[in-house]
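Pasting in a structure now, in structure tokens, and then I'll have a few things to ask.
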Amino acid sequence: MTNSIREVIHNEVIFVIGSNTTENHPVIGAMMRQAVKNGAKLIVADPRRIPLARDADIYLPIQPGTNVALLNGMIKTILEEKLYDEEFIRERTVDFNRMAEALKDCSVAKSAALCQVSEEDIRRAARLYASSHKSGIYYAMGITQHSRGTEGVYNIANLAMMTGNVGVEFAGVNPLRGQSNVQGSCDLGGLPDVYPGYQKVADEKAKARFEASWGVQGLSREPGLTLPKMVDKALEGKIKMIYIMGENPMVSDPDLTHFEAALDNLDFLVVQDIFMTETAQKADVVLPAAAFAEKDGTFTNTERRIQRIRKALDPPGEAKADWWIINELMKRMGYQNAFANPEEIMAEIAGVTPIYGGIDYERIDSKGLQWPVKDKSHPGTPYLHRDRFTRGLGQFMPVTYTESAETADEAYPLILTTGRLLYHYHTRSMTGRIPGLNEVVGESYVEICPKTAALYGLENGEWVTVRSRRGEIKIKVKITEDIKEDVVFIPFHFADAAVNRLTNVALDPIADIPELKVAAVRIEKLA
Amino acid sequence: MKTFEELIALKEEIIAGEAPDEIKIMVGMATCGISAGAKPVMQALKDCVEEKGLSKVKVKQTGCIGVCRLEPMFEIFEPGGRRTTYVDMTPEKAVEVVEEHLIKHHIIERYTIGAYD
Amino acid sequence: MIKLTIDGIGVEVEKGTSILDAAKSVAINIPTLCHDDRLKPSGACRICGVEVEGSDELQASCTTPAREGMVIHTRSDRVAAARKQLLELIWEDHPNECLSCQKAGECTLQDLCYDYGVEAEGFAPLKVRTPLDTSNPFYTFDKDKCILCGKCVRVCEELQGESAIHFVQRGHETMISHPFEKGMAFSTCVSCGNCVQVCPTAALMPKTEEKFRVWDIEKKVRTTCSYCGVGCQLDLVIKDNKVVRVDAARDGENEGMLCVKGKFGYSFLNHKDRLTMPLIREGGVFREASWDEALDLVAGRMTEVYDHSGSDAFAAFASARCTNEDNYVLQKMMRGIFKTNNIDHCARL
Amino acid sequence: MENKHSILEMDYIERQERIALKNCGLIDPERIEEYIRYEGYQALAKAILKLGPEGVIEEIEASGLRGRGGAGFPTGRKWRSGYLAKGGEKFIICNADEGDPGAFMDRSILEGDPHSVIEAMTIAGYAIGASKGFIYVRAEYPIAVKRLQIAIDQAHGMGFLGRDIFGSGFEFDIELRLGAGAFVCGEAKALIASIEGKRGMPTPKPPRTNDKGLWGKPTILNNVETFANVPPIIRKGSGWYAGIGSEKSKGTKVFALGGKINRTGLVEIPIGTPLREVIYDIGGGIPDNKKFKAVQTGGPSGGCIPKEHLDVKIDYESLQEIGSMMGSGGMIVMDEDNCMVDIARFFLEFSVEESCGKCTPCREGTKKMLSILDKIASGEGVMEDLDYLQSLGNVIKETSLCGLGKTAPNPVLSTLKYFRDEYEAHVKDKTCPAGVCQALLEYYITEKCIGCGACKRVCPVNCISGEKKQLHTIDPVACIRCGACQEACPVDAIIKR
């Protein structure tokens, strides 16, 4: 998030696109509702009538895969009706005209047709969003998990910049991160092209800095493989060993059939986790890890706040903290400068990661700090891009609409989209073991609207086969008014009826994010 | 309706619309009257007035004058300002009042408010 | 700014400040049952009444704004007597079950009755108990222990935005319920537990696997929720090396709010399926091993692969659910030892 | 002497002063023409065409009109604060949620003269700058609802409501909102909550509704009778109105006379009229030559006034001084056959049932007081109960959230004050002097007894003794008060006392 969580309740306009906030970030969702009670206006764009849609002033039930078209329609409206912030564009950005030029052939009407919403609704949403300098955009995987996901993100930035709604308080471009430390794992080098703090591996200075700090030589300047590419290389036999820490890709990753074959092709697979997950079952060695309540450390949340987690319990049996396990391995492979505790690790992190430069456990003991925290006296950064963007001037990135990699056709006439539920988390390795949660939602289902259900003669609770070009699953039907015609939704949490047997691995060319939100499927009644 | 004069003119017009020899019977038709049985009384008055061809007599409803204990009641307004209040009415008594008071022009003393209070 | 006197102390506050907050600013705590800083003042319990010189009535300090020159007494005999009488009224309608109540020791009603000398005897406890509503998987509702402070209703409406519960009936029959009154589980409740968190008595209680009372609690450990990326702050309540309850923290960005997972989704920690020993696959099945054996095996195999196939043969999945420190160490191993940048994680999923 | 024929000639009507009720019984409420015929809508015309908003407010202020819903807040001051309140949208609300037991002043006005309320609300809207009004009326008043709706439609048809009223550009509209009959919804904040579609529960003041009322906008709320006074004031001038009534309270007040009084019904009298005049001269005194005991004014929020205060002048302050209140206009007369403990119980029971249940003292406290009254009425009371009633009553008064709770103990406190002897009789002597409280009655055999023994034979508990042809006696301790003896007595010698 460019801005802070508590700013939500001060927004004048909230634009939620591709985020089922009340279910997936419930506390932020609740704050959005508080804001609405305070008088904020709410725009919701989602193929499903998510719970927030009932609070919305404008609800846009867009077709899956048409985010870019919707955003272009809004941008076009703002251009045509001159609702943009000229001063902000002039002072803070470049290439506004280039973007306007690129949208020459776009029309709001075309966007409306692609999104299957009315032109007037798109215009109303645009006017509303542009009417305030306290307009915040909130999005999640509904924007990114597309074959053109990065373009969706660019377009959100375009919209925010042209209306002066970024780099100021109570506005911003706010991706909501789905997992407890997804922000931190990105911040701290869990990505193939960057060291901790987003320092490029290709950068000679960064390489030198880390070599010096770690006391090693010969760090690679070659960016590594992204996860989908690793899978391909494993299938080819080029990657022989994978080390998996606390992940369950055998449920969460797209096109599982393909993925499973890749794991089977490895020489050696190590998995460390707290449970015997679907992935761990494929491992050669499984290492028992401590859970969050059994170790010290930090998580970085979606507003970039580095917060403590603390050991409250002893881990069960011989389970150990993840850092300890890897630390031990490194020792065994001859690395000398091992760590004694997490606090020491954070001290090293602060030394090599400028955005974490001022972090130490003492400072964040009672309240976390939001990066960048450059040094020990830096107070943290509640919102980014104040006065100037990190890169200097804000860059408009013209985007034109490209349709999803897979669209409905005669053989696969329905569009499948996926997501999370309030009552479960990721691959259910934790929530699947909590009786109450499974009392509420104990099994997977496919959401389908009454009209489409009637077309296929389906009844609520009936078991069906859902089939895509990549696989099939058996699953129960749940008929609901809250989804568009010809669109179906399956939560991805469940290993039985794993929806990722159906999803498409088509990747965004820039971020390598798979198109989990759009796949063509068909539904067959069981014989 | 835009001016004071228009409103006054309308009022005058309404008054002028009343025939000079019109007789009004105002029947108490508030909750208290109706619950005491004013509806059949009013119906009886209307029927009787029509039956007897008393074209100058208008039977109308009105609100509660405050003596709810004496409902059903009605008041006869006659030209010249005479007002007679009949109380504790029944449809039968009402017919009697039409016949005696309106046709024969004599007040049925025992039904008037003065006889009761 | 407004100047006033509270219990003889001069106070200066901004216009619009309640008497309650004005008193708090000089460390005078006025007791309340229905007040919560995050909610619009309701003025329901009337326990916070104070004496304002020149006024016949006691003024509810939560809803009465401080005014220039007010002279306020928060603990005069008159105030104390009124509070005691109000508490007696509440207590009289409350089951006399402190002996067996899990909330004992953490119950605001119990504490206030103690403070103001309300005697249990002389007031008959309810004879017929309303059955506990256990329909919700995560919490119970005990109508008889409800003192109608309304905090749950207001939290649900004002903070959570669900409005799943309401007051129904009138007068002495008033109670908290929901449409159709079939049990909490049949309402639109999303089980966030934010009502449970604010309940001053045992009317709304989290379901717990084992009984415990406040004095059984070994410690409360402040930490960050391990579910979504909001990073809610919470306290793990620990007894016998087990989490027995989760309390939302007021001073985190979540300001005392949690969701169903954060509030009630902790029992996986003690689940019997937890991995407790390193496991090595042998002949298609796993067998338990010591750390030394497992670590030596992994280190050995990795060295072997590195020696034979080089850096490009390695890959690692970091984790969006592990700590910053865990992830840092993993990437350090991949980059520093195996000289590969083949590290990624499911940030995209 | 010749009988009086018209109601107008009746002495008890002549003593009244009809302003709010002036058209009731005179016009057909379903015909706007008849309202216009009797000067209807001239006040609105004058307000808009001659006075202007400030002029209207000045007139209302100068008239001395005070809220007739009970509290007596000066109407002009209320309107002025509405006029001065900032904020684009403002609202006018007419409180027609009449709820006191036995009170029907507002119903009569709505049924008999609905246009007077509509005209007044429009004047109020014009004065403070509101363009929308609501009438919150009980659904139990179907005739009033029907006639109001007819009147609103007719006013629209004539241009007294809607756009550009009297060519001034002023726009005003009125909607009806039906209340479900909860007494507390007569409380301003609860009423507003109810119009907003929420549970009718009072919320704390401040903010006052004048500043933040309906949907958080400035809102002026007056009751029916208050509004009904407005058109005559504007038409005839504040000087005329201020000439009626007492020094502090101007104009008239409508009362609903009920209970042990000869002429029950509605009366409208100048404020300041002595209570005695209302009860004896207008109300015709107590039936059956019974003795006057007390009069209860102000409904369940009011108090009982004993005979020593019969000469009190009826106005807001004087009634309050003696522990009662003006209230919305209920006036219930009690005679020697009324037990004051029982009366207190009756009114308190009403408050207990109608409490919204939000605040502790009203919800729990009134219930507790009622249970103590029950205890006293059944002869189980102890003297400490009287002290407890007093102190609990005071706590409820001084701690309750809204007016309902703050006044709910009044019937008990005022009877405790003026009729303590009756309470003590119940507690100490275990008797009910008025012979009302069933549990305290004693069967007693008088001198009329002929000693036939019929009673003795039917007594199921054998508590009657006496020799043949001698005076029999009942053992009051063993008696179960079944009444069989009384039935059996051939000479009516057995009485209850």
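When the chains are written out, they are named A, B, C and D in that same order, and each has its own residue count from 1.
Note that a contact is a pair of C-beta atoms (placed from the backbone, for glycine too) under 8 Å apart; a residue touches a chain by one contact, two chains touch by 3 or more.
None of the values given here were measured: they were computed from a predicted structure.
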{"item": "Leading chain pair when contacts are tallied as C-beta pairs", "value": "A-C"}
{"item": "Rounded Å distance, chain A centre to chain B centre (Cα mean)", "value": "81"}
{"item": "Length of the line joining the C-alpha centres of chain B and chain D, rounded to whole Å", "value": "30"}
{"item": "Length of the line joining the C-alpha centres of chain C and chain D, rounded to whole Å", "value": "47"}
{"item": "Chain centre separation (chain B, chain C; CA means) in Å", "value": "71"}
{"item": "Chain contact topology (line, ring, star, complete or other)", "value": "line"}
{"item": "Chains grouped in pairs wherever the two touch, ordered by label", "value": "A-C, B-D, C-D"}
{"item": "Chain A-touching residues of chain C, taken from the complex the two chains share", "value": "137-138, 158-161, 190-192, 207, 219, 221-233, 236, 238, 241-243, 251-255, 257-262, 264-271, 273-281, 286, 291, 294-299, 301-303, 305, 309, 311-337, 339-349"}
{"item": "Interface residues, chain D side, partner chain B - complex", "value": "3-10, 12-13, 21, 23-30, 33-34, 36-37, 39, 41-42, 45-46, 49-50, 104, 107-109, 111-113, 141, 143-144, 158-160, 166-167, 263-268, 284"}
{"item": "Interfacial residue positions of chain B with respect to chain D in the complex", "value": "1-4, 7-8, 10-11, 14-15, 26, 28, 30-32, 34, 60-69, 75, 82-85, 107, 109, 112-115, 117"}
{"item": "Touch list for chain C against partner chain D, complex", "value": "41-47, 49, 56-58, 60, 62-65, 81-82, 85-86, 89-90, 92-93, 147-148, 150, 166-167, 169-174"}
{"item": "Residues of chain D defined as touching chain C within the complex", "value": "182, 184, 199, 201, 203-206, 352-361, 363-365, 367-368, 391-392, 395, 397-401, 406"}
